[in-house]
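In what comes next, subunit A is part of two complexes: it sits with subunit B in the first one and with subunit C in the second one.
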Partner chain A sequence: MTFDRLVFLRLLVGLALFAAAALSCAYLDNYQLQVFTTLAMFCVLCWGWNIVGGYMGYPSLATIAFFGVGAYADGIAQVQGLPIGAAWLCAAAAGAILAVLLGTALLRLKGHYFAIGTIATVEVCREISNNWSELTGGAIGLNIPIQAGDPDFVGRFFFLAMLGLALIAFLATVLVDCSRFGFGLRCIRENERAASMVGVDVFKYKVGAFVLSGALSAAAGGIYASMVAFIEPKDAFNLIMTIEIPVMVMLGGMGTVFGPLVGGVFYVVLKEFVWAYFINWHSGILGVIIVAVIYFLPQGAFGTSWSALFAKARSRARATP
Partner chain B sequence: MSTPILELKSVSRVFDGVRAVDNVSLRFHPGEIVGLIGPNGAGKTTLVNLISGFVPASAGDIVYDGRSLAGHKPHAIARGGIARTFQIVQPFANMTVLENVMAGALYAAGCGMKEARERAVECLVFTRLDGFRDTPASQLALANRKRLELAKSLAMNPRVLMLDEVNAGLNSSEIDEAIGMIRQIAARGITIIVIEHLMRVVRALAQRAVVLHHGAVVSEGSTDTVFNDPQVIEAYLGTKFAKRFTTEQA
Partner chain C sequence: MALGQYLVNGLLQGGLYACLAVGFSLVWGVLNVVNMLHGSLVVLGAYFTLYGVQQMGLPLYLVVPAVCVALFLFGYAIQRSLLNRVMAQPILITLTLTFGLDLIVNNLILHVFSATPRSLVTDFGALEFLGIRIPVVRIGGMLVAGLLTLLLYWLLRHSRIGRAIIAVRMDRHAAALMGIRIPQIYALTFGIGAFMAAAAGCAVALIYPVTPMMSGVFLGKAFVICVLGGLGSVPGAIVGGVVLGLVEGIGTLVLGPQWATSMGFLLMMGVIVLFPAGLAGRKGYE
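So, the complex of A and B:
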């Protein structure tokens, strides 16, 4: 299969999935719409994280900082009277600006130091939103104008909006995957010094990836804030979610186009299942399953060479007397 | 003599009070092969790092093609036409051999994806790595990794190529093969700076040799002249090598 055919095939499969999801909204009830909207939101966050964590190999834990900043930017913009579409654009712009500022400082760090720096960012953002009451409503939270219309219409509207953003995130990932920008990110992941030696403007590429990731995550935060119509610091800057996103991508396969989608869907479905059937033990059981999957499939579902894995299993079976 | 393509003007580099490179002035002309030799810690690799922009100079200036390289980042220098290999090979381990070489063509040479692929294939054929194009670089043996470094540098379309111990760890026939390749590269008009501990390689390739010791140039001139320099024999080559060299010359 040639390079171009592979890209075309990915686009075809992706677009078919998105079309099916969009059509399905006519048959979903309100609860199902909410679950699917959440799923689409996680997919956006996973695709956003995958650009920095997967393609570039930087273990960012700042996804939720962008998400939260996007949520507040949307809320504040709507409170100030901006229409919802403009507020979402404000959210994406706020994420991009934060990414430039953060990236310029944090992307000089590597490995654990970078990870710690990014997780500290989430805490700093949470503290700012907690204490800047005049702007954010502080710990009490911020009420956002509720979208007019009957609940069915509003549910479908937000589902399609989040799905549209997921489509943008998917297309951005396909573009990154087959472009010289994405190729450069992979070079950086493998060896930054060698990437610089072959002419990759390492810092510019890293900041570019961070901005793309930040803008996508912040836009998701914006749509989420509009949907729930109320945000508070502990919800917008949720530390558990900042860990969950990389885990989802790991399950699906880092640095792949469909890995974030598969990982996101698998995680959300698994979480719902464990929550429904093992209410008292759900966190422990979820943790064990995740550790097992990562242990046996460290490259995730899409990063694993399944044929090599089966061949290895067959040869082991033959060797066993 | 033609205008130098690369000139070092009183370049120094100090690390925590240690002068790794001490007031070095050198000129490199288009198409020549220059051997850069000296004992371990002499400052050879630091000099390569200075030229390629990985380390800034503490004093002096490096002029490439009439322009100062001061303040230029490594990627900009690479795009300008200065390529290097690393003493410890640094491939993109989990990328294929073809992708490794494509990277050089994509960014330093400014090719598009398709053109980069074609150029990479040409470089792989030249370095006889064509059979490994879909193999991950991490799976290559040392000799092939060294060739990969060469192929990657070549794909960058360089005007100056610095080979940092590209023959270290290779066996005799592999070294002969590498010498042949380097000669062919120089025949394209590329200036080559060979950093080597193997005097046999320097003798076979370089028209000119520069000897560094404690960061300073202790001898410079034609390879034969340098190899007969008593100061070089004492500081680096040793009397045993000098005797063998004199016998071979006779």
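So, the complex of A and C:
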């Protein structure tokens, strides 16, 4: 573990941002709180994905499978009468268990097969939750006890809960970024065979990353389920969301600490805007955004070397007087 | 005779599935691109067929080739203008790019044709054989789909372009050294993929009511068949299509219709983990 100035700086900036967000909840109205909670949720999902997709370089599309399983675990636990905090722990545990099982089976695959296998996981999870009516309520959905308290309190409660989870995800990412574990993951991304040759226990590292990512995503699902108090299969296992998450991280920069935060915030705000003004065209506009990101910012905001880009633009401007 | 009926249904469905998946499989195998746009291309083919027959009043045998050629050109243009620029990038990039294009195309379909299910009312009667009932239109749909798939197989084996496509699939660097223009072959292959998707769409329009929301279902089927049959192989797509059709038919009989889709996906996950080269796949094709 190298605990140098860069790590310290990152922690300082991150914690300042989180503190500002936590304090801001005193001044926000309920709509703004809702948007901020969604923001925090997507940041958790992005940070979770970034560990597998960014640092380890495996194109996982299973984020929403974990998210949905977490949502259902939380819902079922709460319906059984567990207190809300215990239900969230259940959600995280369910995600971790699923990640161990899935990881053992799927992480041996590479490239497209891994991507397709993870997409198939989302589909299978949705079909199972659709058909196993005794447990999940089937296609009708599952009603979860609504958190007691007046709307102002409940909104702030869930916002702070999601923000706390985002803080955990952020700290986990900082830790991964500067630790031996993260170094091993980067080695796997660059060349898996070479990584195993120099003594990285490739399988253990890969499953470890998957479990960390799965538990974070599932916990986010759990808090989300408690917040909306009603989940149904097509909501919990949404195929579009599972591809949106990598796009957000790509926007910010894969395999960076602040990339997922920047990408997630930018994308969610943009999406909120598109939903508000172009409801009929929202999926088309999202498609255009995705295509534009791939052509113009493939390395993300943090991966692009802006100074080089400006230098190029300047030299071009000079060449054409 | 219920089992026989389900088997026949499964086989007929399998022919359609083979046609549905063969273009997807070819694109995946040759271009190394998971084409998330494929489902929407199928739906687009189906809507164009409906439009040609219902709005313009043209006969079916004129509409089907026209739709297929139109989508071939569309696919060729997309590959030429958009996808060829990112072919060297990692999988995630091409996959998300085609997904973005899929969102755009699907939104356009939704806007132009609306979400109301539409169907082509065709009643050509049905055949009865040993108590098994087979609607003629489904035989027709399967024949068209099956014949086109076989035609593609022949094209790949015996024509110059087909051999070039196979060469690119085997080793694109060596193929480039042999004087094959790789971007051209990529664009042609994507066009052929779109052509086959359109053909499947025509068959779908004959058999089912069409909605824009079907594209995800078709894409899912294409995934499963492609993994079952192995990438980029036409016989593999036929085998995979028929296997999936039969598994769904029998699964419907044994477990009930609501489990049919999950059976397909579970089968696929089993195969993906156990035989990463597909059931009929060979080494070097993965």
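Everything below uses one rule, namely that the second predicted complex is superposed on the first by the 315 of 321 C-alpha atoms of A that agree within 3 Å, B and C clash if a C-alpha of one lies under 4 Å from a C-alpha of the other, contacts with A are read in each partner's own complex, and residues count from 1 in each chain.
We adopt the following convention: a contact is a pair of C-beta atoms (placed from the backbone, for glycine too) under 8 Å apart; a residue touches a chain by one contact, two chains touch by 3 or more.
Here the structure is a predicted model, which is why all the values come from computation and not from measurement.
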Report for A:I119: first if it touches subunit B alone, second if subunit C alone, otherwise both or neither. second
Between subunit B and subunit C, point out the one touching more subunit A residues. C
Where does A:Q80 make contact in the superposed view: on subunit B (first), on subunit C (second), on both, or on neither? neither
Which partner chains sit in contact with A:V288 here, subunit B, subunit C, both or neither? Use first/second/both/neither. second
After lining up the shared chain so the two structures overlap, which partner does A:R180 touch, if you call subunit B first and subunit C second: first, second, both or neither? first
Touching partner for A:D201 - first (subunit B), second (subunit C), both, neither: first
Which partner chains sit in contact with A:R193 here, subunit B, subunit C, both or neither? Use first/second/both/neither. first
Across the two complexes, find the residues of subunit A that touch subunit B and also touch subunit C. none
For the subunit A and subunit C complex, residues of the former touching the latter: 53, 57, 59, 105-106, 108-109, 111-113, 115-117, 119-121, 123-124, 127-128, 130-131, 239-240, 243, 246-247, 250, 280-281, 283-284, 286-291, 294-295, 298
Contact residues on subunit C for subunit A in the complex? 28, 32, 34, 82, 85-86, 89-93, 95-97, 99-104, 106-108, 111, 216, 220, 223-224, 227, 258-259, 261-262, 265-266, 268-269, 272-273, 276, 286
Enumerate the contact residues on subunit A facing subunit B in the complex. 3, 178, 180, 183-184, 186-187, 190-191, 193-202
Under the stated contact criterion, what part of subunit B meets subunit A in this complex? 52, 54, 73-76, 78-79, 83-84, 86, 90-95, 99, 102-104, 106-109, 112-113, 152, 156
